[in-house]
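Next come two complexes, and both contain chain A; in the first it sits with chain B, in the second with chain C.
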Partner chain A sequence: MKFLTDLILKMGTVDRRWIFLVIALVVIIPLFFPLGLPIRATATTQYVYDTIDALPHGSKVLVSCEYGPSTKPEIHPMVLSVMRHLFKNKHKVYVTCLWPDGQFLASDALNLVARDEYGLTYGEDYVLLGFRPGNEAVVKGIVSDLRKLYTIDAKGTKITEIPMMEGVNRFEDFDFLFSASAGYPGTIEWVQYAVDPTNVPMSTGTTSIQVNDVMPYVSAGQIQGILAGMPGAAEYEALIGVPGIGTSGMDAQSIAHLVIVLFIVLGNIGYFIERNRSKKY
Partner chain B sequence: MLWKRQIPILIVAVIGSITLFGWFINEPNIKSFVDDDATQWFDILASFAIFLGGFNLLKMQLQKIFRRQRGWQYSIFAIAGFFLAITAGFFYKGNPDVAWGTHVTADGTLFKWIFTYMFAPLQATMFALLAFFVASASYRAFRIRNFEATLLLVSGIIIMIGRVPLGSFISSWFILYLLVLIGGITVNSFFKNKQYTAIFVIVGIIVVTAAGSSLGWPLDQPGILYLPYLQEWIYKYPNVAGARSIMMGIGMGIFATSIRYILGIEKSYIGE
Partner chain C sequence: MFGEIFGAWVAVFLTFAIFSFLYKDNPFYKIAEHIFVGVSAGYWTSMFFWTQIQPNLFGRLWPSTHYSDGIWYGVYDLFGFISSSIFPAGGIDKGHELHFSYLIPFALGIMMLLSLFKKLNWFARWGIAYTVGMAAGLRAYGFLNSNVILQIKGTIIPLLDPDLPFFSLLGDSHFNNLVILVGTVTGLLYFFFSKEQTGNFGKVTRVGIYFLMISFGASFGFAVMGRISLLIGRFTDLITYNDASYHHATIWVLVIMVAILGYSTFTDKGNSETDVS
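After this line comes the complex of A and B, so read on.
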């Protein structure tokens, strides 16, 4: 018993680089050798799927990309999956970006899904309106008069020359909004300045850390479901039946979470042993 | 003094009042100002702020280099990166077939190359490092020192395991056995009697085993102990309650500060 307690105490003083090595291994190994853990959709993910699935064919859907490379592993798989779902159901997709780096990632997503996978035509089936600076002022601008804010799209084409922009003048002209958000400005600004005043339905996909802030809006019914972090992305991939990087990342995340929990438990056992020993002396 | 103090305060008070009351007054001109003009003003002012930001960055980094402050070598990279981005954005597209403006996101341009091969990997790397620090910090610092810390730790573990697919493999019965063991530790620390502890643990294990056998060991029953359901409950109820109260507090704070600005009580923006 003494050997075991000494070992646990010794582990408490282990160089942190060993911990880094363990984490690196438990993240990398499942990426190369997937475990194929089954993915079960949570109620909030199912709600997003059902809402998008219930949209009538040909609906005008605004997808807003508010994320960058740092949060790409969590948000990008959601955007890809949602776009696949939207294009499969023959909706018209309009993409805006409240973050400058969002425009690059949105462009990549549209090229991959709309152009390469579905062979759709730019300007007729999808359009990248691009980034505009101003945070919530951009949201308000889209709500009041989109054409004042966006005179040209991300490719430099005049809005008036884009066929699918006909009849789209303000936020109320859209049938649905999906906000892929990693922080400010993002989902909350869309709810406060666009969705609440106009009653246009919206769903969102956020980073895991942001779920706490957004959840009150979901439970109040202001947002129709939320894709919560990488698990949300993986669940959506499972729902549309196209596994992607969200699904492959879940094995690594599962094992990494388990290892971190084990670290916490071990650390606390060591803490209690140490405390009991110091009480004795 | 009039130009430095009274006039700015008057502008803030008037514009602030119009913007605030514009939400409640159904007058087309005021509504148009709030919805369109004010937001465009904001865009124009924000555009000027980029120059201030750029000059400030240059000033700070150059000062660091000239004064040979600690880590001045990094400032050389910061300034080089700044000018490289400006060059790629304004002077050199790298692909003559692409029009100015669209060169920012078009393939084959210098700006896109910088984003794809420099900015994105660097930002992703910085964020990925968090996993290592979280693991290390949780091992060394996340301790059950009091009731609040215990609550935080237990709910954190439930969320971490319940959110990932692995959590759906952990049976409610396993959690029940764990609870029996934790109960045993509690009984032992309370009574300091090995017999009581042994009786509690043995009876607990027999009861759980009997219940499990009679029900056929369903993985997700009893639902209250199934981690995926439990984490959803934590997200939906305790978390929402806490988040709402914080949001209401922040909202009240923003409202109070806005009123202070409009009434000219808060003057930090003019350096007072």
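After this line comes the complex of A and C, so read on.
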């Protein structure tokens, strides 16, 4: 027993760089040797899927990309999956970006899914309206008069010359909003300035770190479901039946979590042993 | 193809340069840090200018639809000599009408830039005052409606609904509704500081602390999950770039960087021992 307690105490003094190395190894090994752990959709992910699936064919869907390369591993897989679902159900997709770096990631996603996979036509089936600076003022602008804010799309084409923009003048002309958000401005601003005042339904996909902030809006019915970080993306990939980056990362994610929990437990045991010993002497 | 391979090598180098900070602060990390700050500032400035200032501000002040030989477009043509890409000949064709009212944001923007000059930096207060006032007004309504009224509405839930089960792990149930009620009330009472938190009141607020701790724990868990996801993303890219089509960028950069850092540590150790002796 003494040996065990001494070992746990010794582990508490180990150089933190060894812990970094262990985490790196437990993340990288499952990427080479996948375990294929089962992925089951949580209620919030299922809610997003059901909401999008229930939209009548040909609905006008606004997808807003508020993320950049730093959060690409979490958000990009869910954007790809949601776009696949939308295009499969023959919806018209309009893409805006509240983050400047969201524009080229959105362009990547549209080129991959809409152009290459589904062979759709730009301007008729999908359009990239692009980035506008101004944070919540942009959301407010889209709600009141989209055409005042967007006179040209991301390619510089006049909005009046884009066929699918006919009849789209403000936020209420859309049937649904999906916000792929990694922070401010993002999901919360869409809820506050667009969705709550107009009652246009909305779902979201966020980074893990944002889930706790956004969840109250989901619980209160202001948002129809949330894709929570990489697991949310993996669950959505499972629901649409197209595994992608989210699915391949889930084994590494699960094992890394187990190891981190183990470290936390060992750290706490070490803390209590040390506290008891210091009380004795 | 060369561009793609070169991009992969740059991405691999920058990834390992940032990771190298986990070992210790070093020149590779410093290089990556400075490149990141510089490129971000440049990219954001460029995006802001070409998506907003040029088409939506200049495009409204000098639209091509109103181009004439008058003084106003004479000033524009003068700007055109400086940069024809920003001020193309014949006015800016971005689908706008002429709006002189946009001179106000133009002036406020210039005033904010004057903060760079010590004697004129008081001008910046006008621009800042407008921005703060506009943001405060805009946010007041949004927060009141979405974060106060609708959130309060969301917590008003039936405690005795015969259609609800007693317990459900994920859906609505009597138990979950009771947890929401107790958590909301005790959590709010914890922030009631007009009464000392002792006795029975203290016991109630203690329950509130437990709810807050559970919430912070969930936040921490999600934060860890997010960071691991980002690490997976980087590793996935590193594995991709180790492919023969990228000339095994990952392994080469890793070996060279480890060798340089190892040599630097070795020589530093030798120097410090010499200094001591």
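To be clear about the criterion, the second predicted complex is superposed on the first by the 281 of 281 C-alpha atoms of A that agree within 3 Å, B and C clash if a C-alpha of one lies under 4 Å from a C-alpha of the other, contacts with A are read in each partner's own complex, and residues count from 1 in each chain.
Just so it is clear, a residue touches a chain if its C-beta (ideal position, glycine included) is under 8 Å from a C-beta of that chain, and two chains touch if they have at least 3 such contacts.
Note that the coordinates shown come from a computational prediction; the quantities given were computed from them, not determined experimentally.
**Student:** In the overlay, answer first, second, both or neither for which of chain B and chain C A:Lys155 touches.
**Tutor:** The first partner, chain B, only.
**Student:** Please indicate which partner A:Asn268 is in contact with in the superposed arrangement: first for chain B, second for chain C, both, or neither.
**Tutor:** First partner only, chain B.
**Student:** If we overlay the two complexes on their shared chain A, which of chain B and chain C does A:Pro38 touch? Say first, second, both or neither.
**Tutor:** first
**Student:** One more residue to check, A:His257. First (chain B), second (chain C), both or neither?
**Tutor:** After superposition on chain A, A:His257 lies in contact with both partners, chain B and chain C.
**Student:** Should A:Pro216 be classified as contacting the first partner (chain B), the second (chain C), both, or neither?
**Tutor:** Once the two structures are laid over each other on A, A:Pro216 reaches both partners.
**Student:** Now for A:Lys140: first (chain B), second (chain C), both, or neither, which partner does it touch?
**Tutor:** Both partners.
**Student:** Scan A:Ser70 for contacts with chain B and chain C and give back first, second, both or neither.
**Tutor:** In the superposed model, A:Ser70 contacts both chain B and chain C.
**Student:** Give one of first, second, both or neither to describe whether A:Gly241 is in contact with chain B, with chain C, with both, or with none.
**Tutor:** neither
**Student:** Check the residue A:Ser107 against both partner chains and state whether it touches chain B (first), chain C (second), both, or neither.
**Tutor:** First partner only, chain B.
**Student:** Using the superposition on A, tell me which residues of chain A are in contact with chain B and, in the other complex, with chain C.
**Tutor:** Touching chain B in the first complex and chain C in the second, residues 20, 23-24, 27, 42-43, 70-73, 101, 103, 130, 132-134, 137, 140, 152, 208, 211-212, 216, 219, 228-229, 231, 253, 256-257, 260 of chain A appear in both lists.
**Student:** Going by the contact rule at the top, pick out the chain A residues touching chain C in the complex.
**Tutor:** Interface residues on chain A, with respect to chain C: 17, 20, 23-24, 27-28, 31-32, 42-43, 70-74, 100-101, 103, 130-134, 136-137, 140, 149, 151-152, 158-160, 188-189, 191-193, 196-197, 207-212, 216-217, 219-222, 228-231, 245, 248-249, 252-253, 256-257, 260.
**Student:** Would you mind writing out the residues of chain A in touch with chain B in their complex?
**Tutor:** 12, 16, 19-20, 22-24, 27, 37-40, 42-43, 68-73, 101, 103-104, 107, 130, 132-134, 137-138, 140-141, 143-145, 148, 152, 154-156, 208, 211-213, 215-216, 219, 228-229, 231, 234, 250-251, 253-261, 263-264, 266-268, 271-272
**Student:** State the interface residues of chain B toward chain A in the complex, per the touch definition above.
**Tutor:** Touch list, chain B to chain A: 35-36, 38-40, 42-43, 46-47, 50, 99, 101-102, 104-105, 112, 115-116, 119-121, 123-124, 126-127, 131-132, 134-136, 138-140, 142-144, 153, 157, 160-161, 163-169, 228, 232, 235-236, 239-240, 242-244, 247.
**Student:** So in the complex, which bits of chain C are touching chain A?
**Tutor:** 22-23, 43-44, 47-48, 51-52, 55-56, 59, 94-96, 134-135, 138-139, 142-143, 145-147, 150-151, 153-155, 170-171, 215, 218-219, 222-226, 228-236, 239
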